[in-house]
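All chains are identified by letter, namely A, B and C, in their written order; residue positions are counted from 1 within each chain.
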Amino acid sequence: MINFALKHIYDIFLTTKVLEVIILDITNLEKLAKIRLTEEERKEIEKDLAYFTTMLEDPFKADTSNVQGTTIVSHTENVYRDDLVEDFEDLLFDGEIIVPRIVE
Amino acid sequence: MKYEAVIGLEVHVELKTNTKLFCGCRNEFGKKPNTLVCPVCAGMPGTLPRLNKEAVNLAIKAGIGLNCKINKFSRFDRKNYYYPDLPKGYQTTQYEMPLCTDGYIDIGGRKIGIERIHLEEDAGKLIHEEDKTFVDFNRSGVPLIEIVSRPDIRSGEEAALYLKKLRGILLFTGVSDCKMNEGSMRVDVNVSVRPKGLSFFGAKTEIKNINSFQYTQEAIGYEINRHIELYENGKTPENETRRYDEKSKKTYTMRAKEDSSLYMYLPDTELVPLDISEEEIDEIRKKMPLLPEEREKMYVKEHGLSDFDCENILQEVHFAEYFEEAAKLSKDAKNSANLLITQIFSLLESDKVIKIKPLRLAEVSNLMTDEVINSSTAKKLLEKLWEEDFDVENYVKENKLFQINEKDVLSRYIDEAMEENQKIVDDYRKGKKKALKALTGIVMAKTRGRANPRLLNTLLNEKLG
Amino acid sequence: MPNRLSISECIKLLDNREIKVTELVNAYLREIENRDEEINAFITVTKDEALEKAEELDRKGKRISPLSGIPGGIKDNICTKNINTTCASKMLKDFVPKYSATVYERLLDNDFVMLGKLNMDEFAIGGGGEYSYFKPVKNPYNISHMAGGSSSGSAASVAAFECAFSLGTDTGGSILKPSSYCGVVGMKPTFGTVSRYGVVGFAPSLEQTGPITRTVLDNAIVLSKIAGHDEKDPCSIKRDLDFLQDIDKGLKGLKIAVPKELMDMDVIQRDVRKCYEKSFEIFKELGCQVDVVSMPSLQYSLSAYYAISSSESASTLARYDGIRYGHRTKEYSNIEELYEKTRGEGFGIDVKKRILFGTFLLVEKEKNYLDKARKARTILMNEYERLFKEYSIVLTPASPITAPAFGEKQSNALEKYYEDIFTTPINLCGIPALSMPVCKDSNGLPVGIILSARHYDEKTLYRFGHAFEAARGILK
């Protein structure tokens, strides 16, 4: 789904060695994230994301064998609520919620 | 060539909790749109989920009832997609680590595997009008479990059987009310067909949101034939999502199947993981009610009920409880079961509430067993009891509804009937055996339905010679 | 000018009835009026409510809490019932929540005086304070420089004496960095210490709310009042909340770790390095031992942080879709267009960048960068844990640079993100950290350091900070 075009660039910041940069298929990402970009934005983002992706290679240098990933630094588990009704008294929406007709 | 269907079911069931999965809003059906919403289930900025303990307990109950392994460690994930009824832009569900795995349902000798049961939240509802769509978030956040079967099912009949068993277990464990018409039980079907004996999977179609077990069976039947026909004609079915039209009894294309790799999943870090101890599971296991299968065994063994009886009584939890209560008070529980199924069930309205006390059913049944009243009186009594409660024995006494067991009394009624209906008697003697039934009816009417049917039959046969 | 006083000084005066709450509040409101047009720290000033509350407190006379009558400002991503909460975004520019964040309710329960909502980088994404939909926040030390972000208004308002304290939020340095750029004291507490409920975040696994003040003692006073278990936040923890108990104990014999890898980085500006080294001297004079230690895993922190925070943002910011609240595009013919235009118009460039990068990571299945990032996070945590067995704190600069000037061209995106090299490991590990100024650079801009400690050990950070502050004296 994503076109990986590999391009080599000099990264002037991290090191002076040649890095692989993944050029992302921005148009596809726009569709997935439901964000319409202007042409100008697309150019800027394309450039920046290319830099971002070079950075992503860093953790691959680490020895992660036998390491469990951390998703949350949680010091709790099994946090529950009792099944008791709490009505929200305020009117949450100003009126009906209407969207364009959806054809299923 | 011989074909074999490979069918898997994904069943969504709403849990019978007071409140939603992650907030204190009521879990109720049929309320005015957007009246059961709060900032949490409306996906307002900065709000956080709070997990309902009862929902977790019910999911564990389902897991136990469906012979699953209850995983000690599980976690919530976000399934990201955009739809107007999905307020947060993702559904909070369990993707990588579901609560229950590896169970099965026994459908009469064959085990249908259950891959997983996971806990998740329901979305809201869309109400379509001609030129616009309204969104109602009352259902948003209602707790669901999704029960995913292994592709072990081979026919529409088996699918219906699986669903019936599944529904029974969920009903009797109190996990869900499983009302398909209210959407608290929803069935998606995956069908593919392959040459028998081969292990590859054919093209898969998914049929979404089927409204009843009957339709599920029909839809699968139709779909299997459609696939076979395509293969026979050298074509392949599309991988797609279809819907079943109940009128034409056909399935139609809805959309191409989503590429599941495009679903964006991510661990939900607003919630903490679940770590369920063996003790907690045991605690729930101890409190598990008798499952339909166990009840069926008991009914057959202790009360001599037939498969037909069991199936009818085990349709609803309160039917079973009603029967068990009445059976305790009955001299002949099988007779009570008969009355329940043939008489009382025919009086039920759509709410399925039984308006007669189990004690009264037992009283009526016992009078029959003791040959104090006959079945037609029993029927009348039950109809009367449906309207108002009364002491059955007194009522029978006061209204002289005793069965006529005396030979001479009954003989008099028969003679009278024969005299008045000479033509029917002649017919019978000419060989019209049906005439016997007519005479029985006439005598029954004369006795206000009180004749002992066995005695009446003997006497009539004697007299007609 | 009472608004120049610290909170602890105000408390004495208020307790002794030497000043009225109204006087104090008026002093702050005057400062806002005089200066904020330039600084842009506030998005909403709740002047009438503030005066009303001040009068009520003066009438009542009784002070129920140290914070009673103390004027403060709230970052505009913290929900305040019936007061605009914009997240500095076009998406929410008219959003008025019907609920409050727990942390705001806690302050109200302590009778603080609400001055208003503070400017920030849109949705707390960005590090400069220039990515507000409304206006860029300027550094009170030099208005041609940035205030740092994303809690830019929170830091700038305290530095400019427009607030006695403020609340900021921190996902990857959003309290620590602007505090350092603006020369104030910022605390990012241990994950789970301050309730996240009602705080509009973008990466829940990394976020904490914390106080920004002008002194270390003030900071501890505010944190004591906002911290604590909240059943509305599943990650909220029950823990010891006495942050002041060790504050006067001094530092004799305590050990400080200085990561070698960061020392070696040539991206650190000369002035920053000088100030950083000066801080070693101050700590040594206070009786500490400063050791250079190796933390090789720090090199993974930036990428792990960007991977994790971006992917979480792509999901967390999905709710801004124009359906139920917030911005909705004017013209659309179908639902797809409604979504795409609404989100295209409603979000600023930095937010979009982050969401799109996160979306890429969520659909990228081949390399599984996210998995790697999460594992790097574990390695990093282990490394900190090992260090904290021997050392009380880890000491780093707050940023490789001082507040950059507006319009200063950065050579590429990475350079900008490198500003977060010292702060991101802190959020990844959920440990507490204190940012405070050491001295000024040659341009008169503050240079700060970050002290981080093991989980739940804010009290040690305050102990170090308090001693350091006294030894450092007035910022020079």
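Everything that follows uses one rule, which is that a residue touches a chain if its C-beta (ideal position, glycine included) is under 8 Å from a C-beta of that chain, and two chains touch if they have at least 3 such contacts.
Worth saying up front: this structure is predicted, and the values here are computed from it rather than measured.
Judged by the touch criterion defined above, the protein chains are all mutually in contact, each touching every other.
Each chain gets a centre from its C-alpha atoms; the one nearest the centre of all protein C-alpha atoms is A.
Among the pairs A-C and A-B, the greater number of C-beta contacts is found at A-C. Chain centres here are C-alpha means, and the one lying farthest from subunit B is C. One simple way to say how far apart two chains are is to compare their mean CA positions; for subunit B and subunit C this gives 56 Å. Inter-chain centre distance (subunit A to subunit C, centres taken as mean C-alpha positions): 22 Å. Here the spacing of subunit A and subunit B, counted between their Cα centres, is 44 Å.
The set of subunit A residues touching two or more other chains comprises 1, 32, 34, 71-72, 74, 76, 79, 81, 92-93, 97, 99-100, 102. Contact of a single residue of subunit B with at least two other chains is seen at positions 39, 42, 44, 50-51, 82, 84, 135, 137, 261-262, 264, 269, 271-272.
Counting partner chains per residue, subunit C shows two or more touched chains at residues 98, 205, 231, 234-235, 314, 321, 323-325, 335, 339, 359, 363.
Remark: subunit C residues 77-79, 85, 87, 92, 95, 97-99, 101, 196-201, 203-205, 231-235, 311-312, 314-315, 317-321, 323-325, 335, 339, 359, 362-363, 365 touch subunit B in the complex. By the touch criterion given at the top, residues 1, 32, 34, 71-72, 74, 76-88, 92-93, 96-102, 104 of subunit A touch subunit B in their complex. Residue ranges of subunit C in contact with subunit A, taken from their complex: 98, 191-192, 205, 231, 234-237, 267, 297, 299-300, 302-304, 306-307, 310, 314, 321, 323-325, 332-336, 338-341, 343-344, 347, 349, 352-353, 355-357, 359-360, 363-364, 367, 369, 371-379, 381, 411-415, 417-418, 428-430, 455. The touching residues of subunit A, counted against subunit C in their complex, run 1-2, 11-14, 24, 26, 29-30, 32-38, 41, 44-45, 47-49, 51-62, 64, 67-76, 79, 81, 90, 92-93, 97, 99-100, 102.
Listing the residues of subunit B that touch subunit A in their complex gives 17-19, 23-26, 33-34, 37-39, 42, 44, 50-56, 75, 82, 84, 126, 128-137, 254, 259, 261-262, 264, 267, 269, 271-276.
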